[in-house]
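Take a look at the structures below.
Two complexes are shown next, each including chain A; its partner changes from chain B in the first to chain C in the second.
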Partner chain A sequence: MTIAKPLASGAKAPGAFLEQAAGLALIAAPMALLITLILLPTVAMIWGTLQVPSDSGAQFGLGRYQAFFADAYSMANLRYTLFQTLASCATALTLSLGIALYLRFSEGRIATMIHALSLFPLFVPSVVISYALVRFLGPNGLLQLLLEQVGFTHYRTPYLTPVGPYIAFVWENLPLPVLVLGAGLSQVSDHAIEAARDLGAKAPRILVEILLPQVRRSLLIAFALIFLGVIGSFTVPYLLGPPAPEMLGVFMQRTLGNLRRPEEAQVQAVMLMLMASVVSGFYIATMLQSERGRR
Partner chain B sequence: MISRRNFLVSSAVVPLVLGTRAFAQNTKTLQVFTDGDTNISNWWNDNIKPAFEAANPGYTFNVTITRGVGDGNGTIAARALAAMQSKTDPQVDYFEEFEADSIAGSVEAGLWLTVDEKNVPNLKLINPAAIDLPYQLPYRGSQVLIAYDSAKTTAPKTFADIMAYAKANPGRFTYGRPDKGGSGSNFVIRAIHEANGRNPSLFTKESFEQAKADGMLGKAWELLRELHPYTFGEGTYPAGNTPALQLLAQGAVDMIPAWSDQALQAMNQGVLPETVKVAQLQDLALCGGFAYSAIPTNATDLEGALKLANFMLSPEMQTSCVREIGGFPGIGWEHLPAELKAEYIDVIPVSIPTFPSGDWQTAKNDGWYKNVATDIVRD
Partner chain C sequence: MSFLRRAPLGGILLLSVMAVLMVGPILTVVVWAFAEKWRYPNLLPTVWGLKYWYVMLGRDTVINPIVTSIALTTVATSLAALICWPAAYAFARLRFPGRQVFLFSFVAAQAVPKFALFVSIAVVFLRLDLIGTFWGVVFVQMLSAMLVMIWIPAAAFRGIPPALEEAGFDLGASRLRVFLLITLPQAMPALAASYVLAYVGILFEVDSALLIGAPQITTMPLVLLSSASQVIVQEAAVLCVMIWVPCFAVLLLTRRFMSSKGIAQGFGA
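Moving on, here comes the complex of A and B:
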């Protein structure tokens, strides 16, 4: 067993300075990479979107953003991206919470199998799942043929509609939250649950009053992981989604690659980044809280 | 005693060295460069090479694939230009496909060999529609066609036929998104031509003006918007050439625009149902184009390169182009076997219209997304 050392703020022991310096030196290389390859280009890019061409050269202004917000098509894409992301997040979280709860309270062969199955999507690339879903859910695909065997002939394929990418996102995003929530649930002690049962609490009450409060943090982390993955996705909405509205990843690629309008693509990128950073903010705050909670 | 490892190495190397020597004494090897797709490079290696060696004893060629490396054949052309200026060996004899004027200054420097009936006798067979620049050798082409299920419908002859079929059979026609593949793109272009008096000559690089374009394209958007509710899934256009072919293969639609080579190859491979046929519109064809080979004047073996050029335009190789890769011949159909012509009669174009790159393409793709694909109410 190791004894946790007091960290930075409380440390006054001799050699603490050296230890800190060593720590900083260790992260110097990745930090330098992060700054030169990601942070600086990002700042330069954002600065570029705030320059509006005028008669006397480029001027500072919000013109590019006003154009984005004034364009009904861009706004429809923005709303669609946000809606698609939130809907897939909510569904994936609910499903994975269910699976994690089942796994928390079950043992045996079937539970192991379900655990393995729930992790399976982690190892399947987006492009593979996309083409597999086209064959499975697509017109005259396996699902439709099976349904017609039992007499259901009103199947309408979700392929190329907003439901197509939604299904792929949910499937793709089950494994991580199952792992994160599983870890969170395993920390809830059996004693607490048994005590609640002894006092006559039914399953829903145990869920709401004992389990959920203790996995709140895991839920937030899982939410952030799914949200950030889905909002910036490209392959799934490209192959399975409708032509319009487009998710911002696809829209951005088309604006840059096909229409060759880098300035507009940059504005779209900043909008995407803003949405992602709100959720990243939550994520970091949650992580910091749990750090503090441990001290 | 010789160790096992040394034995293995020497037994592998010795025949190789001897073999190359013996080979080099009687055989000249031409250097061919291609950056075309796999179907093209495979065709060159598997079909053309053995035929060329049989027809030209003492010659063979080596195909180097530059696809996806740097600027592809552009890099090799730039190297040939540099070699010309420094009077060194360019290490290339033949470009499978290259637009000679895409390397600035190469035409002026005299890098490209002018081909005519004197140095490439088979040029007398060429299809006049394919001729572009005097140093470009059109040897294969492709064009967008209408692929349809002959069990469900007859061949559409006009754009109006397609509109009529779609309206009478909702959800049984679709086309790919114009920015995601040439088949959908050229169908949208055909709609633009349809809405503007079927006159492709109105559209040139120089003729682009935003205000004028908005008006001309606007008429096409109205036409396509009229078609929109009757397409597969009421306007869920597939994202590319292959996804569109996939819908046809799955029997989800009866009619799509498709690239001639992709459709014909899919039919030969049995990927599409046997009842699927292809046809070209007769009032105005869908767009397409030719692939041009080019020979540098400083080619290491100019004589051999010209032999290869002439061989590629022979009726045998042009037949192979149709049979193996579903391409269009560079020479006139009248020089090909009569049964081949009979088999492909529905797809033989009367004319091959083109549409300019650049501003017109951008306006077309952007306009389609904002006016046809979306249900946002427009003002």
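Moving on, here comes the complex of A and C:
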């Protein structure tokens, strides 16, 4: 696929200057929204958190961050958020890689149904699946009822434990990697795999040496997208997670909405952005790379 | 059942496990919505009925948020379409300075964690007295729609063969005429799909309503959020089925635009 083919060359097309002006005019409004609602508030927030009140007005300093790091509960929430996010990412990626591999080498009705099921979460909003999982996994929920039907009576619900949000995150984040990895795996030719097999390579070796290198970039991008979605989530941990420790989304909401301490909520938000920025920086770099590769 | 015999055992196993785990939770909600009595340890409700539908539909605290949600979502999605679709056309078809950088900034914008961003906006809006106002929520919700409303239409505009448009120019049509008669009809399905996707996304968005709208603006997802942990299970179940099932049906129509290739490219894979 080629990137944008400008029309301009024909004699009837307007001049280059007019085209440039029109282009800039058409993107002006969404750009303005981007600047006023993303760039400016973020910069203002980071600047604000670096101001420490003192006798002679506000002063530049790291006092607010020192307070955050000194608070054991904040740090516990930070660690829990990071751990929950990484665990959910790893599981969602592993499972979806398995599904994508299965789909790459199978066809027929069963494969079609598995494909459709793995995409189903794309159509289910967070708040709906969170509530659904409360009813499904919760005490006396459908899963427990089903397990008791087959004689398993030791079900302990993951609801209100860290496992609850973990299951929801994995559930929500299956489709994207299945799609992205599926696109990557479909580019590996059958010939390459057959050739390797003829040379005596076993399945694990084919996976590691032929298939995985092909989807390396897809895997990284899928990881980044899941990570960024999970680390900043609110609804899932709010409905399914334990009361403490909290994920940063829930923590911020409580600090801002219930406790009315915007200064502290801002520090928490900047900490969240800092953690995310490691991954998003690397996501953006990968995107730039593939953009360049496509040109 | 000849296809079952031919299918490998592994596939059937994977399919059954996935069917239980992917559909099971949603199925539970649907059953709850039509259950009048469902007590442990019955596998199914003992009394079925629509009692809780009447209860929910007769309640102002349910109907008003639904009306608010639909109004907010319609205004936010339409405004987003108004500014994003022309931008998508520009990105796909016009050459102007900084095009790549601008296009890229929209993709990069989604690498910012939304909830943290909304906290920063909330603090600014607090000073501007936009917290708890209709327009405050609309502005923030437009943000959520932007990527989908630029990316899908831009890909569609790009996919229209330039030869079609050039043929129009050769026949002496003006640029506007070519756009209205050739380009727009071709891109229409993608524009509609981007509208639906953005609409449902905003309709169920909790974060912006909670941080920017509450407590003056109560939206449907906030009612869902607060009733999800209520003792009377059916209330949230009815709300879910009532609002989500129609959305799901409409969303299915857009799945052509959520192809593997499109999504993978949209996210830069």
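Note that in this section the second predicted complex is superposed on the first by the 258 of 295 C-alpha atoms of A that agree within 3 Å, B and C clash if a C-alpha of one lies under 4 Å from a C-alpha of the other, contacts with A are read in each partner's own complex, and residues count from 1 in each chain.
The criterion applied here is as follows: a contact is a pair of C-beta atoms (placed from the backbone, for glycine too) under 8 Å apart; a residue touches a chain by one contact, two chains touch by 3 or more.
Predicted model only: the values in this text are computed from it and were never measured.
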| item | value |
| --- | --- |
| Which superposed partner A:Asn140 touches (first chain B, second chain C, both, neither) | both |
| Partner chain(s) touched by A:Val150 [first = chain B, second = chain C, both, neither] | neither |
| Chain B versus chain C as contact partner of A:Leu199, first or second or both or neither | neither |
| Partner chain in contact with A:Ala222 - chain B first, chain C second, else both or neither | second |
| Which superposed partner A:Met31 touches (first chain B, second chain C, both, neither) | second |
| Which of chain B and chain C A:Asn258 touches, first, second, both or neither | first |
| Contacts of A:Tyr238 with chain B and chain C, given as first, second, both or neither | both |
| Residue contacts with chain A in the superposition, chain B compared against chain C | C |
| Contacts of A:Ala76 with chain B and chain C, given as first, second, both or neither | first |
| Chain A positions touched by chain B in one structure and by chain C in the second | 134, 140-141, 238-239 |
| Chain A partner contacts - residues on chain C that touch it in the complex | 3, 6-8, 10-12, 14-15, 18-29, 31-32, 40-43, 83-84, 86-87, 89-100, 102, 104-117, 119-124, 126, 139-140, 142-143, 146, 150, 158, 162, 165-166, 169-170, 172, 175, 200-201, 204, 206-207, 210-211, 214, 221, 224-225, 228-229, 233, 236-237, 240, 244, 248, 251-252, 255, 258, 260-261, 263-265, 267-269 |
| Parts of chain A lying in touch with chain B, wherever the complex brings them together | 72-73, 76, 134, 138-141, 157, 159-161, 238-239, 242-246, 254, 258-260 |
| List of chain A residues in touch with chain C within their complex | 1, 3-8, 10, 12-14, 16, 19-24, 26-27, 29-31, 33-34, 37-38, 40-42, 44-45, 48, 99, 102, 106, 108-111, 113-114, 117-137, 140-143, 145-146, 148-149, 171, 176, 179-180, 182-184, 186, 217-218, 221-222, 224-225, 228, 231-235, 238-239, 248-249, 252-253, 256-257, 262, 265-266, 268-270, 272-273, 276, 279-280, 283-284, 286-288, 290-291 |
| Chain B residues touching chain A - in the complex, by the definition given at the top | 177, 179, 232-233, 235-239, 243, 246-247, 250-252, 362, 365-366, 369-370, 373-376 |
